[in-house]
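Per-chain residue numbering starts at 1, and chain names A, B, C and D are given in the order in which the chains are listed.
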Amino acid sequence: MRSGVITRDDIISWLQCYREVVGEQKDYLTQLDAAIGDADHGANMDRGFAAVLAKMPTVAEKDIGAILKMTGMTLVATVGGAGGPLYGTFFMRAGATTDGKMELSPLEFLAALEAGLAGVQQRGKATIGEKTMVDALTPACQALRRALEAGQPFAVALQQAAQAAEEGMKATIPMLATKGRASYLGERSIGHQDPGATSSYLLFRCAADCFANKNKE
Amino acid sequence: MRSGVITRDDIISWLQCYREVVGEQKDYLTQLDAAIGDADHGANMDRGFAAVLAKMPTVAEKDIGAILKMTGMTLVATVGGAGGPLYGTFFMRAGATTDGKMELSPLEFLAALEAGLAGVQQRGKATIGEKTMVDALTPACQALRRALEAGQPFAVALQQAAQAAEEGMKATIPMLATKGRASYLGERSIGHQDPGATSSYLLFRCAADCFANKNKE
Amino acid sequence: MKKLINKPEDVVVEELQGIAAAHPDLVRVHFNPNYIVRADAPIQGKVGIVSGGGSGHEPMHGGFVGMGMLDAACPGAVFTSPTPDQMFEATKAVNGGAGVLHIVKNYTGDVLNFEMAAELAQAEGIEVVSVVIDDDVAVQDSLYTAGRRGVGTTVLAEKICGAAAEQGRSLQEVADLCRKVNGWGRSMGMALTSCTVPHVGKPTFDLPEDQMEIGIGIHGEPGRTRMPLKTADEITEMLALPIINDLPFKAGDTVIAMVNGMGGTPLIELYIVYRKLAEICKGHGITIARSLVGNYITSLEMAGCSITLLKADDDILKLWDAPVKTAGLRWGA
Amino acid sequence: MKKLINKPEDVVVEELQGIAAAHPDLVRVHFNPNYIVRADAPIQGKVGIVSGGGSGHEPMHGGFVGMGMLDAACPGAVFTSPTPDQMFEATKAVNGGAGVLHIVKNYTGDVLNFEMAAELAQAEGIEVVSVVIDDDVAVQDSLYTAGRRGVGTTVLAEKICGAAAEQGRSLQEVADLCRKVNGWGRSMGMALTSCTVPHVGKPTFDLPEDQMEIGIGIHGEPGRTRMPLKTADEITEMLALPIINDLPFKAGDTVIAMVNGMGGTPLIELYIVYRKLAEICKGHGITIARSLVGNYITSLEMAGCSITLLKADDDILKLWDAPVKTAGLRWGA
């Protein structure tokens, strides 16, 4: 494939990669949720992405927008909790910006992610610093934009985005939660890493890993 | 006091002694009951004899029969379980045979105990070998009668009775329970000492200790 | 020991004070001796029904006092049967001139104390008939032993006989009905955990994380056998089949089915057990006409369940459907 | 993990199958998407009431479906709010043309999923009003946070609004009533033990033998503070006083009081708590006009309790007394 171009197959392998990672990290995510939530984030994400993969055949041949919208709608219909509507909205919005497209430029891919993040914030009303997935998604999108605008190769940019997501995730540890279930704990929410920020970091980590070959050509 | 004569004060100190012993052995009796019953025999006996001692003033000046009847009625009214009606009947029957008496001969004391045992068997329908208090009371009464008829001093006879009660109590360990709560365990009742046989042994142990001085005069 | 209590020795009295405060419309609570009676007792011309037993089985029996069920309940200390003076006073308090039925669970202590109470009441000219419930198939019945324990069928007998008394049936008729219900009811229970008697302070028995007790009673006693933990479906079969085979319940029989929690098991699990029980009954051609799923006859906070099946004819079903107004069981009123 | 279950992933579906088998007279259960509806839904001209949330809180909400209470309940996975398609389908199933009220507990997940469902239903021309219950005084309220949790008042709101809908009140009226009940209801809970989510297999948090959690929610979350175990009377004060001071409830107020068990606490303990609660209310000049003592909104097998006080006027009391016929709450029918 041509360097820096994301095909529908790339999107599918990204989602497949994420489904596997969520499966492996299921217990870890649930443990994080047990500390400041209700011990189901791992099970929720695992259930949701297993369903997404099962539905892949229904979008065979379909465009990237259709794949991402199917992903969002499936998450909404199978995950529940806060994670379901939020990740569901993330992918549905991303899908809306990529309607009809069979491939994306790095900047189009970024635009899709930014639209997804905007949707998450619209639904969840969370801003940065409230100890949620927004704290991983926001710096990740910002880093990706910075890198691409600086002319970095896509794979490098994605590595930087994943790194920013990881730092955002770690930054949730000292935060006092003011949104989501963890907010009920008040002071006791401090000192724990947010599970949703963690699953969001993993999403960018998978992108970086999947598209790693994108500049080697 | 004259050798071998049991006064109402002797009876009272016997009951006082038993109340103390039951208090000390409360947890032990309850443990035994936990293994093959419902973990309340110690608490039941402790509650009952605390009440008996509290009522002692009501029989000040009264005869031995009145003291024993009060004891039985108080046990019936405060113990509950199987222990309450059985020990209650034991003392009520013993009281009936000592009506109006201010003192007892050793044989009269024995007759009172035998009447009590008969009452227990009439109420509970248990015969020897069913893993109940009857297995301690029966050999104790038999040993006391044998010793007294052989002309043994009262204190010596009581020591032998207490020893027989202890052997009877230990003999319940290998028994398969066929009466009382322990019978529901079937085979699993084997290998445990019966709590009621244990509290009955302690009753004779107290008698032997209280009346120990009865031949030294 | 982790319990919402103050002093262990005050548990029963404070519970009774709570019941009195919570249900003044349904019951009155008498202290020394302790018993719970219908707020409107005695009811002239109606057969009175008195039951009782150790505390720790809530809602049984106090939660079943009210219109269409019990006239009085006598709570003993935790897991210790009450004393004769309680049943004697309760019997007098509910006697409306038509006599009083004592529903007694078959435990030596309960039987002996109710027996003494009946003797006292009869001495005062009150007609008393006692019916002993012994429905636990985990215990082999025998003339030479204490026989079977009284468990889940007691709840159904109290509801059905209560309705019959409410209809104005005679003491003999209500007693005969109670014997019929006892003859047609069978139960068996199991435990996932032990329970802790307040004045003891530690679990009555230790049950490893991977073990369960089958054939337990309702006093935290260990059961007939201990075995490795099994699935809900396997456990339901281990309880249901001995019950079905004991009566035996036959194809074409109609039953009232109860899946009862032991106190610490949540409803979500009891419904999973009921699901399998319904499947098993169906497989045997047995029709479940009515059901109860919940905590009705418990052992403090023990986790586990029991199953009761009661063969039911039209009379029993009509009496079952009749209005009942108690804290623990209520419909049609 | 000791539970009466088969596979953790089958817990909710098998529970629903059990409910369907046990209560065919009261409810129908729909699978994929999962929801429980009144056997006689939809009722033409009556406002429909739909609630829902994660499973593990039984009898809430499925046990409250029936005449005089909910028209439908949507159970999610254990402690996970249900998905929009469940509420969307349930809303269509109960819509009798008078509109549908969504009673939503204030948890981000519940709020977001109900919100999406309401958008879908409105897109199909069904009038939907959502009322969010947020009565937990353990959580400081604030515009800048997720706010307070919805707990015990939910049960009372479902009963009271269900009766109002049964009377034929309009969607606006029933929604306004629901907001009034939420405004007048306050709750707080505590835990003696954690609980174990089936697919997790171990307790959500560890609580030493001598410690308790105060200010818990209903999802096995740890509470606001951990402290050494106290007596029932002290614990009751720690829950009741913040509730009374928050509204605040004043001398002369009439209330409906609920002492709710978290699932693993036996009735005998709940009545001991109720006893003290009644004493505290009396001391504050607050009259308890009606009460509930038992397991109504639970966290699986967690041991502990919560207290709810609802200020009540004549309208609320009349609606409270109106007939209700559900598996979990029943009287007058």
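FYI, a contact is a pair of C-beta atoms (placed from the backbone, for glycine too) under 8 Å apart; a residue touches a chain by one contact, two chains touch by 3 or more.
Nothing here was measured: the structure is a model prediction, and the numbers come from that model.
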Groups of chains joined by contact, in the absence of chain D: A | B, C
| item | value |
| --- | --- |
| For chain A paired with chain B, centre-to-centre distance based on mean C-alpha positions, whole Å | 77 |
| Rounded Å distance between chain C and chain D, as computed from the means of their C-alpha atoms | 29 |
| Length of the line joining the C-alpha centres of chain A and chain D, rounded to whole Å | 33 |
| Residues within chain C bordering two or more other chains | 78 |
| Chain contact topology (line, ring, star, complete or other) | line |
| Chain-chain contacts as defined at top | A-D, B-C, C-D |
| Contacting residues of chain C [partner chain D, same complex] | 2-6, 11, 14-19, 21-23, 55-56, 58-59, 63, 78, 192-193, 209, 212, 229, 231-233, 235, 263-275, 278, 291, 293, 295, 298, 300-301, 303-305, 325, 327, 330-333 |
| Touching residues on chain D, where the partner in the complex is chain A | 33, 54, 76-85, 107-109, 112-113, 115-116, 136, 138-140, 142, 144-146, 149, 197, 199-200, 204-205, 217, 219-222, 224 |
| Contact set on chain B toward chain C in their complex | 30, 34, 37-40, 43-44, 47, 76-86, 123-124, 178-181, 183-186, 188 |
